[in-house]
Structures are given as structure tokens and as C-alpha cells.
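Shown below is the structure under consideration.
Chains: A, B and C, in written order; residue numbering restarts at 1 for each.
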Amino acid sequence: MLVNKKDMASGLFFVAAGLLYGGIALSTLPFGSALRMGPGYFPLILSSLMVMLGAIISLRSLKSGPGTAFGVIPWRGLLLILLATVIFAAFIDDLGMVPGLLLTTFIATLASNEVTWQRSLIATLFITIFCTLVFSYAVRLPIPVIGPFFDGLR
Amino acid sequence: MELLSNLFLGFGVAFQPINLLYCFLGVLLGTVVGVLPGLGPLATIAMLLPLTFGLDPTQSLIMLAGIYYGSQYGGSTTAILVNLPGESASAVTTIDGYQMARKGRAGPALAAAALGSFFAGTVATILVAVIAKPLTAIALSFGPAEYFSLMVVGLISSIALASGSLVKALAMICLGLLVGLTGTDIYTGAPRFTFGYFELLDGIDFVALAVGIYGIGEIVRNLEGSESSRAVIAKVGSLWPSKDDLRRMLAPAVRGTAIGSILGVLPGGGALLSSFVAYNVEKKASRNSAEFGHGAIEGVTAPEAANNAGAQTSFVPMLALGIPSNVVMALMIGAMIMQGIVPGPNVVVNNPDLFWGLIASMWIGNAMLVILNLPLIGLWVSLLRVPYWIMFPAIIAFCCIGVYSVSNSAFAVYTVTVAGAIGYLLIKLDCEPAPFVLGFILGPMLEEHLRRAMLISGGDVSIFVTRPISAVLLLVALILLIIVSRPTIAKRRDEVFVDEEG
Amino acid sequence: MKAALKLLSAAAMVWGLTGLAAAQEYPSREITLMAPYPPGALTDGVARLLQPKIAEHLGGATILIDNKAGAGGALGVGQVARAKPDGYTLVMVVNAPIVMAPSLQASLPYDPRTDLKGIGTIAETYLTLAVHADSPIKSLDDVIRMAKEQPGKLTFGSAGIGSAHHIAGEVLNKNAGIQITHIPFQGGGPAIQNLVGKQLDMSYGTLPTVHNFVESGDLRIIAMAESKRVASHPDVPLINETVPGVETTTWLGFFAPAGTPDDIVAKLNEALNYGLAQPDVQESMARLGLVVRPSTPAELDELVAKDLEFWANAVSTAGIEKQ
């Protein structure tokens, strides 16, 4: 069958998101009345609308032809980049600017499928030095250069 | 004559050599930091703001104006070059600006942004000097009913943002509206969609959301192919706009300026809408409307002009009423208060030199930006030649630092992660981010004003049609709706749709 | 890679040694001063005003200002409450997240009684009840009379749910037996703007927000929601004088994490009060609409204990639910 997979998937995504938000609104937020709208009034209307639109997108996908190719998902790149941001968020306060950036940037450099050790090292060091000079010394952001995690070394 | 003496007073202050120097410093710093991909105007200004606190009031404000323009332009630059908008307004600039860059026309796009802004800034400065008083009166006549109707106009015109499937665009607007509602309900204090996170009580940070959707999404998409097959940028052509480009920029700049000037006066979100509305109007009005979404120079000029004009005219109600038009302006107003300019109706009377000096220095900041940046366009474009294996980890690092520094919170960086993952998925499914962004901005305002209007009127829906300005706005919305859903346009939409699917 | 690591660890050691040499005397390294609102907000302004004076009194210490905004200040206060009590992480903050939030928020990430130690009070300001200059309402008696004539018709603006404005308005409703509809805004500025634009019948507003519009002839203050008449406005009556129980407190305080050594707290209190005594600081504070109010650490702790109880009562009278 000629199903447009992208449209089918996005339609289902909107239906699911609509059900999630609608469910939360219905179960935790009072609906109120048109006169005194509760915190759940607007969200419930919107999420219902979204479920409807999602359903239309999915149904139309059944006969709109196969559509463009989905293409590859660069899983390794995607996950490593997301991991880099998580590592930054989790450790920047404790590690401080220099160690935090070394770690974050190093992980990010690995995301490219054409990474080499040389490139990775050069990029990591260059970016860390650049950011530390700009943000720690020039702009004086309140992120310590070396974080409290290394206090023991002192 | 009063106008002339006012402007004369202002320029007298702003043209002192020491003040010009601070203005230049501000523009330079703002541009240099703002041009780093991932650091939008908000993060840039938040970082640089403390530098101005030690100066005397006039110098501080003039340097601030420089930083403001520099960072705004820096933000437009990253929007155009690497598809990374730093604030809501440049989310529109990415649509055509990035397409231009991909076609090797980054130079003309950057020039269009700078020249469009400068034109708008000049006109708006004169406008402010001529009709400062009536502008404040307009702002005051807008109550909750009027704001609600204005948001409806914005919402309906936003449908034109979509260049692909209409239904998907509508669904994305809905999703944006819902996500925008995250946080504490203003009317009951109930936390909504915070999933138990204390940090989400103030809502989702726009900067983090934009960085996630655009920044992470774009990088991962670029990682799909191998380095050599990455179809990023065609050969960089001429750095300057051609005669034809300049001719095509003129009308959009004028229309954008008009729209931005009017909407900028409304402190409750008018300026936020201006770039979106200007883009939509241009898309309908332009002879080249087919080119929109594929690198139309009009699609860069109009929103940039509107944004800048709006920023300039929003100064009047902002100084008179103390209501900033957006987050960046909120930072600016805070800095002013620290310098002893307490916003209020008498600020023009009590501090004429500061007020007019500020207006003049905003214009000078804008002019200096053009002078500084037109010669540097070549340099910015050459950023594109930085090898991608250095560029993308650098963007990640800048994004993390920038998002962190907006509120010094690691939580916002996690927002980037989540928004990046979901954003990438949606982009893969051909769902465009621009309607989502507009919904995200409009959602909370739409609801806030609707519920306030109902509370004030005691539940009487007729408030929206009995108040003249609100009624006119709703009429405009209705006409827009008819235009958008007219069969011919719907058909053309379908053709576009089929085209892209085929 | 190895060379780089060596370089880094060497750098880290040099960094550490410079810290060690001066560790005998407080402060021996940079102090982080939390202002838990965006840069440019009132609290941030006060922090930046006092920062150089406190640094000067502490022998040229480096004080970095950290603007961690969010949840009405509770995020930044929470971070300081959890920080090491060594005098290197401090917070300047308005009273709302300290004494009001515990009665309003169910999941506050700190307890002001056990997690914070007061260093000193900084300043206070006052809450007014204002109407448009063209309004037929001239006094609080007019408010009560008109509210009784048309119940639910009048509206009052506030800075948001759970703000002092909101609580004062609801306590007035309760204690006077009237029904004025509460219209919350996001902050005091927009509420006053809507009052100037005649979208509201009346609004509460802090003196600095309202004052300019009174001078320009747009607004009129009809009463203060305070317990004592305000020195700068001796002729303005208190709501309390007509309807007892309608009062609020608005102040700024300087806090350290609980457990901070007493001698460090005393040193910081001295530095704060030195700063508050400077004429240029007092002048800038006045421009921000604040009245300087120095105190001892013990006095601030007492004020916190008293206000916690006061606001708990006010919130329960107002009938506002904990979220």
C-alpha cells in the first residue's frame, strides 16, 4: 500500500502528544467554565484540536503516496551530541569551565563519523581554550574555571 | 521645532567623542560575542550587561545601545549562516536567510539584514521624536480584549508561515501553544505540565528551546551525510547585494518598518509579533511569493526591518510605562533603572537629556553597526569555511554556555537536550519549526488576555466586539481567515504539497 | 594528550596554591553573591549597588554576582541554602521567597527557619492601594460602599497569585465582607499600566511603581497596606485604620546558609551596614524607592520568624491554597 510513512508517523506523534497533554489537563487541572476558565480549559481545547489534526494527518497519509525517503538517522551522532549536552548540564557546576568543556567538547567531537584522534584533540583543546579565555576571563561568567570538585587538590 | 530641538539635544549628547567610543565598544563586543553560534542576543546582553554598570548613566546607556544592536545583528548573522536563531524574531529570518546562505548568497542576506534594520531604525527614530506622546496613548488604550484580538490576528496570519502541509503547520501551532503553557497558571497558581520539575514553574526557556530545535537539529542533520557530501553551502558568490537585490529590498523594508513601528508600540507582545506578521504580509504582497522559503531576499529584509522598527518604537511606552516588549528589553530597562532612569510618565520631562540621548544613541548604535559590519561581512561569511569538525563541537559548547548563562541554570541545558531530540524527530517528519515557535510565544499571551478579559467583563463575551479596537482587529482576523482558506490558495497549497511529496 | 594533561594539572596546582596561602583570613577567595532574579531586577540592582562597598570593607575581596532566576527567587535561594556554610555563597533577596513562599508553595526546596542565617536587613518599601485620578473613588470608604452596592463588579489588580498585593486584596474582601474581583498580572508593572489605562477600578502597587504616576497626575493613592503610616506620605491613611488586619511587609535581606560561623556573619553584617551608611548608596536606594533599614543578624532572624507567622495567618485568612 502506498502509505506516506512520514505523514503517518507525524500524525501519530501529534495524536499521542495531544492525548498526553489532554490526559494531564483532564486529570490534574480544573476545567472551570467559560466565565471563569480554569487552568485546564485552554489546554484541553488545544489538545483535543491537536488529536483531531493528528488524526487527519494520519488518515490522509494513507492515500497521499509514499512520499520522500526518510533518510538515515545518524544514531551515533545524535546520541553523542545529546550526551554532550547532558554531561555539560550535569557536571559544569562541579567541574568548572575547563574540565567541563574538555569533557563536553571531546564527546561532541566523536559525533562525526569521520572523526580522527588528531582532529578530536585539536578541536577539544582549541574550543576549551577559546571558551575559557572569552567567557571566564573576558566576560567573567560566574562559572569557576576549575570547579569545587577539585578543591581537594588545593 | 520642538522635534528638532529634542533630536538636537539627543545628538549633542550622543556625538561627544567619549560617548561615540563607548558606543563603538558596545557594538564591537555585542557583535563579536553575538556572532558566536549559540549565543543569542539574550545571552549576549546578559553576559555583557554588567560591564556597563560601572559607567556614568549616559555612557552606560549608550554602550548598552551599542551592545543591543551588536548582539541583535550577531544573532541575525548566526540565523542566516548556521540556521540558529538566538531570539524569537530571528526564527523568521532563518526561513529565507539560511536558504540564501545555502545558495551561496550569505553576503547579500547579511547586507539585507543590516541595511533593512538601519532603514527601519532611522524611520522609527524620527517617528518616535515626532509622535512620542500619542504613541503612549495608543499603548494605554489596549486592554485585555484588544490584546486577545491582536493575538488572534497573529495566530491566523501565522498559517502563512507554513511552506509545506497546512494541517501539519496547524498541528505544530497547537503543539507550540500547549508547550508554551508550561509553568505556573497566572490565575490560580496551579503548576501546569511541569512534570514535577520546580525549574519549569516559570515556563520553558525560549532560548533553550530554540537552541535545541534549531541548533541540535541542524547539526545532527548535517551529520547524516559524510563530510564531503554535506550539501551545506554552495560556492559563496558575491558578498554584496546586486542592484536587483537592492531594488527588491526597498518595498519590504518600507512595509516591514511600517508594521514594526505600529506593533512595537504595544507593550504586551506587539513587538514579538512584528517580525512574524511582516514576513507573512510580505509573502502575500510580494511579486516573488513563490520564492519565499527558498531564499527570497524580501523574506530577510522585511522581518529584520520590522523587528528593528518595533524595538525602536517600543522604547516610548517602555520608558513611559515601564513595560518591556520582550526579554531583551526587560534586561535593558533593568539597566536603566540601575542608572537612575526610573520608567514613568515623567521620564521625558525629568531626564530629557538621557531620554533623547538614548533615542539618539540607539540610532547611532544602529549606524555604527552598519559601518562596522558591512566591511566585515566577508569575515563573517568566512566563518562558513571553518572546517565542520571544529565548527559543530564549538556550536555545542557555545550553545551550552549561552543557555546556561541566561539564568545560570544547568536545568536549561537539559531543556536543550529534550528539545533537540524532539525537534530533530519533527524536522525529520517534515514538520517546520517556525509555526511551533510562534505558537509557543503566542500561547501564554493568548490565554492570559482571554481569561483576563472574561474576568474583567464578568464573563460577557460581547466585550470583544463592543470595544471598537478589538472589533476591528477581529474583523481583520476574519478577512485573513477568508483569504487563507480561499479555494485558489488552498489549491495552490495542495500543489506545493504534492510537489514536495513527489 | 599527556603533555596537555600535565599542563592542566600544573595549572590547577598553581591555582590551588594561591588559594592556600591566604586561607587564614576570611575572605581568602572570591565570594559568590546570589541575586536570584534576572540582571537589572530590583534585587540585582541593590546587590550591585552594595557589592563594591562590601568588597571594600572586606579588604578588597572579589564578589561575583550570580543571577540565578526562577520560581520567584526560590531557585536561587534554594541553591544558597544548600551551599557550604563557609561565607563564600551568600544571597540578597526580597522577603517573598523567604517568608511568604513557605505558606504558598507545597514543595519549596528549603526551609527558611533551618536552612538560612540572617546577616542583616537591607531596606524596605511599602504597598499602596491606588485608583485612577479620574476615578469616583476617593477613599477606602468609597471602595467599601461601592463594592457593597454592586458585589463582584469592581476589580483590583495585583502582581500575581500569592503576591502581597493579592493577599492584601483578599484579606480586605474577607474582613470588610465585600467582593472585589481579583485580576492577577505578571508583575506589578503591568497591573499599574492597566490601571493607568483605566482597565481596572483599583490596583495595589509598591510605592516606587506607583509614585511616578501620582506625580504625573495619572493615579491617586487612597491608602497604604502597612501597619504604620509611611514617613514620606504621612497624610495617606492605612487600610488598617478602617478595616483591621489588612497589612503587608516588603523588605530586602542579606542571608548566608545556616551554619555559617558567627564571626563571618558578624564581619559580613559590619560590611553590609558600612555600605548602607554611605551617602551615595542611600541616594541610589531612594531613587529605587527603597528606605534603607540596617539591622543586626539577630534582628533579621527575629523579623523572619515574625513574618513567617504573619504571612501564614494572612494567607489562611485570604483563603489562598498552597500549590
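Throughout what follows, contacts are C-beta pairs under 8 Å (C-beta built on N, C-alpha and C of every residue); 3 or more make two chains touch, one makes a residue touch a chain.
Everything quoted here is computed from the prediction, not taken from an experiment.
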| item | value |
| --- | --- |
| Of B-C and A-C, pair with higher C-beta contact tally | B-C |
| Per-chain CA centroid nearest to the all-protein CA mean | B |
| Approximate Å spacing (C-alpha centroids) for the pair chain A, chain B | 22 |
| Centroid spacing, where centroids are CA-atom means, of chain A and chain C in whole angstrom | 35 |
| Chain B and chain C, separation of their C-alpha mean positions in angstrom | 32 |
| Chain C: positions in contact with at least two other chains | 65-66 |
| For chain A, residues contacting two or more additional chains | 140, 142 |
| Sites on chain B at which at least two other chains make contact | 50, 185, 187-188, 190, 408, 455, 458 |
| Chain B to chain A touching residues, read off their complex | 33, 36, 47-48, 50, 165, 167-168, 170-171, 174-175, 177-178, 181, 185, 187-188, 190, 192-193, 216, 219-220, 223-224, 226-227, 388-390, 392-394, 396-401, 404-405, 408, 410-411, 413-414, 416-417, 420-421, 424-426, 428-431, 447, 450-451, 454-455, 458-459, 461, 500-502 |
| Of all residues in chain A, those that touch chain B in their complex | 4, 6-7, 9-10, 13-14, 17-18, 21, 24-25, 29-30, 33-39, 42-43, 46-47, 49-50, 53-54, 56-57, 60, 64-65, 67-68, 70-74, 77-78, 81-82, 84-86, 88-90, 92-93, 101, 104-105, 108-109, 111-115, 119, 122-124, 126-128, 130-131, 134-135, 139-143 |
| Residues on chain A engaged by chain C in the complex (per definition of touch) | 98, 121, 125, 140, 142, 145-146, 150, 153-154 |
| Chain A-facing residues of chain C, complex | 1, 4, 8, 12-13, 15-17, 19-20, 32, 64-66 |
| Chain B contact footprint on chain C (complex, rising order) | 38-42, 44-45, 48-49, 65-71, 74-75, 78, 104, 107, 109, 152-153, 155, 160-162, 181, 183-186, 189-190, 192-194, 196-200, 208-209, 211-213, 215-216, 218, 284, 287-289, 320-321, 323 |
